[in-house]
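Both complexes below contain chain A, partnered by chain B and then by chain C.
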Partner chain A sequence: MTAIATAPAPAPAPAVRTRHLTPERRRRMLLAGVGVACVVMTLVSLMVGAVTYSPADVWHAVTGSGQGEGGFVITHFHLPRMLLCWVVGIGLAVSGGVMQGVIRNPLAAPNIVGVTHGAGLAAILVVHVLPTMPSSLIPVAAFAGGQLSIVVVYAAAYRRGASPARLALVGVAVGALCNAGILFLLVRYPLNSSAALTWLAGSLYARDMSSFWQILPWVAVLVPLLLHYAHRLDTLGLGDDLAAGLGEPVERTRLITLFLSVTLASAVVASAGTIGFVGLVAPHIARRLVGGRHLTYLPVAGLVGALLMLVADTIARGADPPLELPCGLITSVIGAPYFLYLLTKTGKAGGR
Partner chain B sequence: MRLQAESVELAYDDKVIARDLSITVPDGKISVLIGPNGSGKSTALRALARLLKPNQGSVVLDGKSIHEMSTKEVARRLAILPQMLVAPESITVEDLVWFGRHPYRNSLRSPGSADKEAVEWALDVTGSTALRHRHVDQLSGGQRQRAWIALCLAQGTDLILLDEPTTFLDIAYQMDVLDLLHDLNRDQQKTIVMVLHDVNQAAEYAQHVFVLRDGTLVSEGDAESVLTCDMMRNVFGIESQILVHPVSGKPLCVPVKGRQRALADARLAPAV
Partner chain C sequence: MTRTVGAVKAGPAAAAPAAVRKPQVRYGASTVVAVAALALVAVGIGWSVAIGPTHLGIGTIVRSVLVGGDSTDAAIVHGIRLPRVILAALVGASCAVAGVIMQAVTANSLGAPEILGVNAGAAFVAVASLTFATGLSSVSLVPLAMIGAAICGILVMVTAGLGRGRTDPVRIVLAGVTLTTVIFSVMQAMIILVDPSTSSLFHWLVGGVNVGTWSDSRTILPWTVIGLVGAMAIAGKLNILGLGEDLARGLGIRVGQVRVLGSVLVIILAGASVAVAGPITFVGLVVPHIVRKLVGINHYVLIPLCALVGADMLIYADIASRYINPPSEVPSGVVTAFIGAPFFIYLARRQKGDQ
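Let's look at the complex of A and B:
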């Protein structure tokens, strides 16, 4: 328990010490703080669970030296979830960051453009329509649902090009519709919904390496691909007319990057469930740390996303053992107030 | 003539703004499009800059249909500064101007000395060098507009199109921007096409004026031939007197307010 209580501390600590430093140095120290926190949380996440182990135990387990306690638990239960936190956090944060750039809306995130709820509805439909199917089909259905919902959103928003504002509005509408469908199915068929509910709450409970291996290829391929588009995304930020005037095929770039980021989010959500606020908050924190250039802030957003996931999942496992809280619930509980705090801060500083 | 629109029909969705509109931009001059609100002057400018594809007719750049050229290729020949400009959050002037090199960028190639020179030159010629590390959102209106113009100049094109570059600016900043464009035309032989609201500014700075009403070109030529009492009545629907600018000798339109129209007509103009 002590480990959890002290774990989130590294991030805010440098801020207090560096209050009188230049903004540039302060930013660098905060960035270093995020890096250190990531390393610390990775270790803590391996230690904490139904039974909490010491750093030495973790070392022995990971190196496979055969000494120390809990080798099996650490490598078979804690390690997969730590790795999963990394890929889920990176995937959601990069996807959300790209969407915020493409839709030019700071509130854009996988759940705003309808992807999360589309995936959720598909997952629940599969559970109810094909109750005999193995639960391993849920990720496949969720992935397809996420993809389908963005196709619907894009098509409905398209009128001589899909304007960012229309994409956001249609996305919210489609998301709400899917959410209504989810709620209806949950109320109508409450008995066989437990598998779907676990998924919807975004719990990483009892995940093994297979979830990690499902997500890893998507993150490994799509994140570098999106970074390749970084300077084009910067150009989109100047507005459609100026971007087009600078020779950017605006509509094509928007379609490609939106599709790639939605695919990334669908892949993550399909395996890990609906985890809220990481895709929304992590890019915001990253932009405050390193500014708005996609090439610099997307990787930082990935780090912050991973950190949020590690903190949330560690709390989920360690807060009330052996009971598990859903990780998605913790990210929302951490993310939402922090997001409000960010908004009030930018409102004061910016005001433009 | 490098840039022209040949009997284009322009429309937003189903709303037709202009039919059979032809505009030939004179090379090496400052051209200004004027006309009342909704006359299609901004629409025409967007069409010339290939931002709006004509339903019929074509826009021709250097002898080729502009929509058959790659948009990057067009961006190396023609720069457009739209009316609504949004600077990315906390970006410096220098970083903003670097966007002007986007048409030359290639994800596999890092910026070279030609890019660097173009950016330095654009900063210098717009008087923005000293502001290069300042954030765009901290600049005055005039300084900011200069930074945006520097972005266009960094594109290294001879053709520069601007949609109402003086809107939202105080009069001193308006003159500042127009003087800059005048110098760019005179010293760098840039062909400039812009939309302006103020007919007197058009008369002062334009070597060629296009007058639009309801999507048709009703007259064009130098300010002296275009800016007449009849034109102001027919196109803008106002009564006016055309004087001679005491310094530049260009025509100067002085509107007569509605209540005094009868008096003006009767040549009983003295103070009421």
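Let's look at the complex of A and C:
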């Protein structure tokens, strides 16, 4: 339950007596729906797996009363993944939301601007080139890779300031370069590539509490820190000139927030693999629910991200047990249609 | 205001009404480039045939090609090396011409089939058909790949607001790249689920001509020819489109019609090359820029030279792919990406801010 406490509680559902729904009321109900769905999915995610248990079993297992069946499976296999879904979802969604604000482009997300690919390349490099290293080194390497890639992106995009457009395009190019490196390694070391592909597809298969503890401190520290910058992100959204006119040190704020959000994304990707589209889609859903102010929509985005992850991971485990689908595939399949809908919608508006 | 990013380097010609005539042809530069590119193709073919697990001498190659015979060397030349290099040339030419048409049609210096999701769409439909119906030949893959290319191309262009006179280059690139990412992640998952051990499906994640056969070359040849002839047929209109949409309309060009024709050609060229060689990245982006820099913006010259230089690029990428990691080979698509991505960064740096 600790993980739920990290995200702010959604607005309480208003008592609906009248039949007509004002936009405001509809919005609140949707928000409450997201909150309820989060709770329900948390429970369902504890139940579903290779063996599916009843809610009563989950209750007994979590309270440690010793009754009911499956106590060991629930606490040792289902619980870590549920918690992992929460931190991964929150981390990716908040990181994506901040990137969209900084790059001022609704399509920016960690897996678009090269961070995910950089982390992936570093992880696979370690797996293949230093096979004797302990596997605990993989998250460290992925983290370093993600950081390094954004340093390269920022440096290459810098030309009397890093304009959002150049950041996005250079990010795409660096991502392509890292992707080529990943594919090269996959072809070069075909024997290990099955494991590497699983990591790349973002599977939470067989994760235990250690992954959760690896991600939690980053989320616990960086998300509040990013929320601290929320107002400045709003100012940045007005455009460079206006923001500078309002006394905002544009370049410095951009660098700091970008760095923090990339750190968050690399920490998540490092431990959980490349899970796509949560960082892209969750902020959009949140913005539609509560509007564009960063301070309000970033927490909601975190909630939506967690919900997406819970749904995706539950489907991944429950669709065809005991076989498990990669969670990243499910998030892509859920996220892609929404993304396409988004594209056509913004396309009609005719650009920013 | 329509951006004519592709023609930015043309200087004042894009703006001044006095320059509303055929873009000048730099005859000297064009001749030099043409001769050099042809020479490189010839050398590249020889080099490519010579190297591999068994190195062949010039004499052996010439004898095998002219006389034939049934020695092992002749079999290697005819059965493995020649089809491979011919395929590289055809695919490289197709990719480059698709790139030059697309850059003109989208008025976007970053508009290349691999950037805008066209190649990914083609590869996706190919993989999907192969997983559901194993043993499809590359001939029957061509139309399927073209359908995929068309769907994704249309999707990206429509959503990025093309045809309404507003093309934000960053927006269209991000739309294309995001679509490409979706498609590739689904493709990766399909490969994991079907059979992670078959490296043959990797082919669709990163293209290459390593396993090219004569039948592959025969499959792509007619489409390459159609694409090239078609491109030359609309070259004049592409030139006028390069002056800007409003000016082109004023000069009596049906802009929409030219765009549709150009897009059809792109789909033909990109779809066919993906069907036989997988998604080769960055040839369509890089080659038109280099050639444009050398010979100017007249498409009558640009298109054939792009075809030649594109063939060069893929032939030499394929040669490099054999030197990087002997005795095994790197897919040529990886090599082109390593060349092309830094070039993309260079282009991105030249983009103006989005204010």
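Convention: the second predicted complex is superposed on the first by the 321 of 352 C-alpha atoms of A that agree within 3 Å, B and C clash if a C-alpha of one lies under 4 Å from a C-alpha of the other, contacts with A are read in each partner's own complex, and residues count from 1 in each chain.
As a convention for this text, a residue touches a chain if its C-beta (ideal position, glycine included) is under 8 Å from a C-beta of that chain, and two chains touch if they have at least 3 such contacts.
No experiment lies behind these values; they were computed from the predicted model shown.
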Practice item. Check chain A with both chain B and chain C modelled on it and let me know: fit or clash. Key: fit
Practice item. For A:292, decide between first (touching chain B), second (touching chain C), both and neither. Key: first
Practice item. Name the contact category of A:173: first (chain B only), second (chain C only), both, or neither. Key: second
Review point. Taking the superposition as given, does A:249 touch the first partner, chain B, the second, chain C, both, or neither?
Key: first
Review point. What is the contact status of A:231 with respect to chain B (first) and chain C (second): first, second, both, or neither?
Key: first
Exercise for review: Decide which partner touches more residues of chain A, taking chain B and chain C as the two options.
Suggested key: C
Practice item. Please indicate which partner A:239 is in contact with in the superposed arrangement: first for chain B, second for chain C, both, or neither. Key: both
Check your understanding: Touching A:339 in the superposition: chain B (first), chain C (second), both, neither?
Key -> second
Practice item. Kindly classify A:159 by the partners it touches after superposition: chain B alone (first), chain C alone (second), both, or neither? Key: both
Point to revise | Nearest-approach distance, in Å, of chain C Cα atoms to those of chain B in the combined model | key: 7
Study note, to complete from the structure: Footprint intersection on chain A (chain B / chain C) at 159, 239, 241, 350, 352
Exercise for review: In the complex, go through chain C and note every residue touching chain A.
Suggested key: 110, 115, 155, 158-161, 164, 166, 168-171, 173-175, 177-179, 181-182, 185-186, 188-189, 191-193, 196-197, 199, 202, 205-206, 281-282, 325, 328, 330-331, 333-334, 337-338, 340-342, 344-345, 347-349, 351-355
Study note, to complete from the structure: Note: in the complex, chain A contacts chain C through residues 104-105, 107-109, 111-112, 156-157, 159, 163-166, 168-170, 172-177, 179-180, 183-184, 186-188, 190, 193-194, 197-198, 200-201, 239-241, 274, 276-277, 280, 325-326, 328-329, 332-333, 335-336, 339-340, 343-344, 346-347, 350-352
Revision key, fill the gap. Per the touch rule above, chain A residues touching chain B in the complex are 159-160, 228, 231, 234-235, 237-239, 241-242, 244-249, 287, 291-292, 350, 352
Point to revise | Footprint of chain A on chain B - complex, ascending | key: 13, 46, 49-51, 70-76, 79-82, 84-91, 99-100, 102-103, 105, 107, 137, 155
